[in-house]
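Here it is: the structure, laid out below.
Chain IDs A, B, C and D follow the sequence of writing; residue 1 opens each chain.
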Amino acid sequence: MPATRDKWRTAIAYGDQHAVVLRGYDLQELVGQVSFAEAFLLLATGELPPPGHAKLLDAMMVSVLDHGIVPSSIVTRYLASAGSPIQAAVAGGVMAFGDTYGGACEQLGQQLAKHVVEMRAGRETEPQAAAAIVGHFVALGRKVPGYGHALHPEGDPRVPHLYRIADANGVTGDHSRLAFAVGAELLRAKGRKLPMNQDGAIGALGLDMNLDWRLLRALAFMPRSAGLAVHAVEEMTREAGWRHVPDEEITYDGPPRRPLGRG
Amino acid sequence: MPATRDKWRTAIAYGDQHAVVLRGYDLQELVGQVSFAEAFLLLATGELPPPGHAKLLDAMMVSVLDHGIVPSSIVTRYLASAGSPIQAAVAGGVMAFGDTYGGACEQLGQQLAKHVVEMRAGRETEPQAAAAIVGHFVALGRKVPGYGHALHPEGDPRVPHLYRIADANGVTGDHSRLAFAVGAELLRAKGRKLPMNQDGAIGALGLDMNLDWRLLRALAFMPRSAGLAVHAVEEMTREAGWRHVPDEEITYDGPPRRPLGRG
Amino acid sequence: MPATRDKWRTAIAYGDQHAVVLRGYDLQELVGQVSFAEAFLLLATGELPPPGHAKLLDAMMVSVLDHGIVPSSIVTRYLASAGSPIQAAVAGGVMAFGDTYGGACEQLGQQLAKHVVEMRAGRETEPQAAAAIVGHFVALGRKVPGYGHALHPEGDPRVPHLYRIADANGVTGDHSRLAFAVGAELLRAKGRKLPMNQDGAIGALGLDMNLDWRLLRALAFMPRSAGLAVHAVEEMTREAGWRHVPDEEITYDGPPRRPLGRG
Amino acid sequence: MPATRDKWRTAIAYGDQHAVVLRGYDLQELVGQVSFAEAFLLLATGELPPPGHAKLLDAMMVSVLDHGIVPSSIVTRYLASAGSPIQAAVAGGVMAFGDTYGGACEQLGQQLAKHVVEMRAGRETEPQAAAAIVGHFVALGRKVPGYGHALHPEGDPRVPHLYRIADANGVTGDHSRLAFAVGAELLRAKGRKLPMNQDGAIGALGLDMNLDWRLLRALAFMPRSAGLAVHAVEEMTREAGWRHVPDEEITYDGPPRRPLGRG
């Protein structure tokens, strides 16, 4: 692809000697008047959201704030232990939200967004869209991301809890309805329950809040960056030395010792 | 330092097949009942905060959500433009909160925390503590971090705004009082106004919310990670090709062309 | 996907109180006896390479050592300027080797590797394989990565130079021959010259040195990490303050100033 | 610090439509004529090095290529396992070269560089310089970085090996001599052997090759980035699912379960 740009262009925000302006609003006017969740939705969608959206988003942020010792916090703690500063330790942990570990909401969300466009244009019914989404992932030889949970075969209890809040705040919309239809299609096609899990719910509800599907992964790693910072500080203050794995937990199964036969 | 640890130990959170537990509370119970700012303060300090603290923290998070095209967002946009995924692009931007660009609140905060301990133990008065802090940075040949603003010689207008919210919510405490005393000492010692700026206020107020000084830098980069994610998506969706600097903006002032004289 | 592993298993290297062992060889025996390029190929392929391979790899490493002010070095310099340490500044620059900016050798290499397997099994001829590769990218609506160069329509002069070294050292093999056949097929299918560029050559030659296609991108970012470190130090030592973009180079085209109308 | 710069200035390298030029030399002329180690020293110091320097640097790069399952490779493998791309996984591992785990050569090197300047100016003798360096770290309450080894109280065997190569290639110089004098001073001051370890040797020899002390840490993480890339690919190709720590290896010692008492 060509590299043609030299200057910066943005519709998000700018600052000058008088003010920082976010999507047209003076940041100082926002501070104290709108909540962080509202301000984030303003930044992400271009407009202040309906009142209930920020309440749901704040609750979703709590739901992913921290899950204890998991891949992202392990990475952060190794980096903090090695003596890199907190911004680098947290950055490393954020990178653990890769396609395998943190990408389900984005992968499902991309499909939901695409097919809701089709449905709204009258080119697909909801059952057709649901079948197309399941078919998309089956053709790739992959499980449908955002469905099923190893520990909760009858259903991730966090999902109805999030939807109670979403319904009460008027957020639940076309993307969520399609996401539930995908769950029904999975039951029909596979003959067993694979209900939507929390990743799927976050993806669908993020779209119902008018977020771009490319931003959905951030709904996990942005709040988690707060948890990762707390892990970094706990590692710095409670653990001595640098963290390592003891030899007995490592198996080497490469070639046995051999001479180089040079020199 | 020795590398002695093999297992994981944390007082922050854990998850098992039944629940994720944060500082003793079931995460599901927190979702919808406590705000993200409350939950973060719970995670960071070990206890649910007094009610006003979360209101101030939420306002502080808005104040740093995004400042437009600045070093952190520039890094994120270059990485997004080069085709690295959003978690890597945001991680890169978070790393821009280094000692020069984003470290003032931590550098000041470390000193405030240390001297408030001395004051509370009756070993220092507030003026002694303020003079010690100014002296600490003067001895290092550095400006006192968190004071002065190139565009606002009479004072950063964001500071009184934050303190109106802090006062109204009962947060302002010993660290803030000492921080203002440092400003008075700077006026006395240097003979000119160097009032506290927003970085200083965020450091002092973070300590007044019982945060560890090592965590203060996260009060900037954690909310900003949300803004960085929005920049990444704007770059991905609005700009074609990969971002580069045109040749005419680059000056090479190394050795002139010369032959290798080998081969 | 399930998370089932608890212990570490590797065939690459291990260390104990007596030695570090790489693929069976005592690291101390390697130091001074084998070159870095040889040692890297040992590590990557499991065996010491034929003599010529390391000579070519060393030359390839020189070819990507540094290209001046480009996206990767820009990111590194912003991070160094912001006061993050050199390991974080270089890490940020490495992340600029994303799918758009540094991924061509990997994207082409994955296809070359797959089709050489088919050719060696007698299931495809070289022209069939070349046509399949062109067809693969055409079906995705993408240019074939590793071919064409905006500044050198008649051909990237670095390619014949690398192949002179590769031929002289006995490296050029099936993957390179298929890569040239892809160039011929492009000429046939598109009616214009789109000769292999340096990214394509690095991908094909990396495979001819028995590297896994997943490792090809590292042939660019690993040597470049040396160049990035030099950029970080030049930024730290030659430039004062923190690097920023002046306001006049930024265009804000979002909503115009508007009142919040709250409070 | 002020943010005053708008344009790019470098003495390292530039590229135009005709060539990439490194420190005055056409990169294409360098490819195949100078080794990677030579080219790196050219880039870092501004001039082609004496012949022996590149031989030693190449050997030093081998000595740090890979050490198996250690903090840096653990971080890389967690990130690769989580599905972030290889450039992000390696970047994370590079960040493990922090002040505690990978900074000894830089911390010692900064002092060696400073005091060799004093010695060359005739303001200090070697014993005075050595005593000053030991005193510097004692005053900070820290061990002298680059000396002592838990497993080799009589001396790290890698050090004499590196110095055999350094001596044979005419590299050993003032910085190395001062580094050995620091070891003698440690014996005198502490009454026990704390001989220079590999980190110390790499720092001293890097300075004897005319590298800036700020660049010394890169002598470890740059070659290691090659090893990290191999670990990333082994993780991607040999291990299924995403890597996690089993619950029984995690101890939670925070507050016991408690009710929220809201709602």
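Methods note: a residue touches a chain if its C-beta (ideal position, glycine included) is under 8 Å from a C-beta of that chain, and two chains touch if they have at least 3 such contacts.
The shown structure was predicted, so the numbers you read here are calculated from the model rather than taken from an experiment.
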Given subunit B and subunit C, the chains that contact each of them: A, D
Separation of subunit C from subunit D, taking each centre as the mean of its C-alpha atoms, in whole Å: 23
Chain centre separation (subunit A, subunit C; CA means) in Å: 28
Residue list for subunit B, restricted to those that touch at least two other chains: 1-2, 8-14, 30, 32, 34, 68-70, 74, 84-85, 87-88, 91-92, 95-100, 102, 241-245, 249-250, 252
Chain-level touch network, classified as line, ring, star, complete or other: complete
Residue ranges of subunit A touching subunit C (in the complex, touch as defined): 1-2, 7-14, 16, 21, 23-26, 29-30, 32-34, 46, 84-85, 87-88, 91, 100, 150, 245, 247, 249-260, 262-263
For the subunit C and subunit B complex, residues of the former touching the latter: 68-72, 74-75, 78-79, 81-85, 88-89, 91-92, 95-103, 241-245, 250, 252
Touching residues (chain side subunit B, partner subunit A) in the complex: 1-6, 8-15, 17, 20, 22, 27-28, 30-32, 34-37, 39-40, 43-44, 58-59, 61-63, 65-70, 74, 85-88, 90-92, 94-99, 102, 151, 157-158, 161-162, 164-165, 212, 214-215, 217-218, 221-223, 225-227, 229-234, 236-246, 249
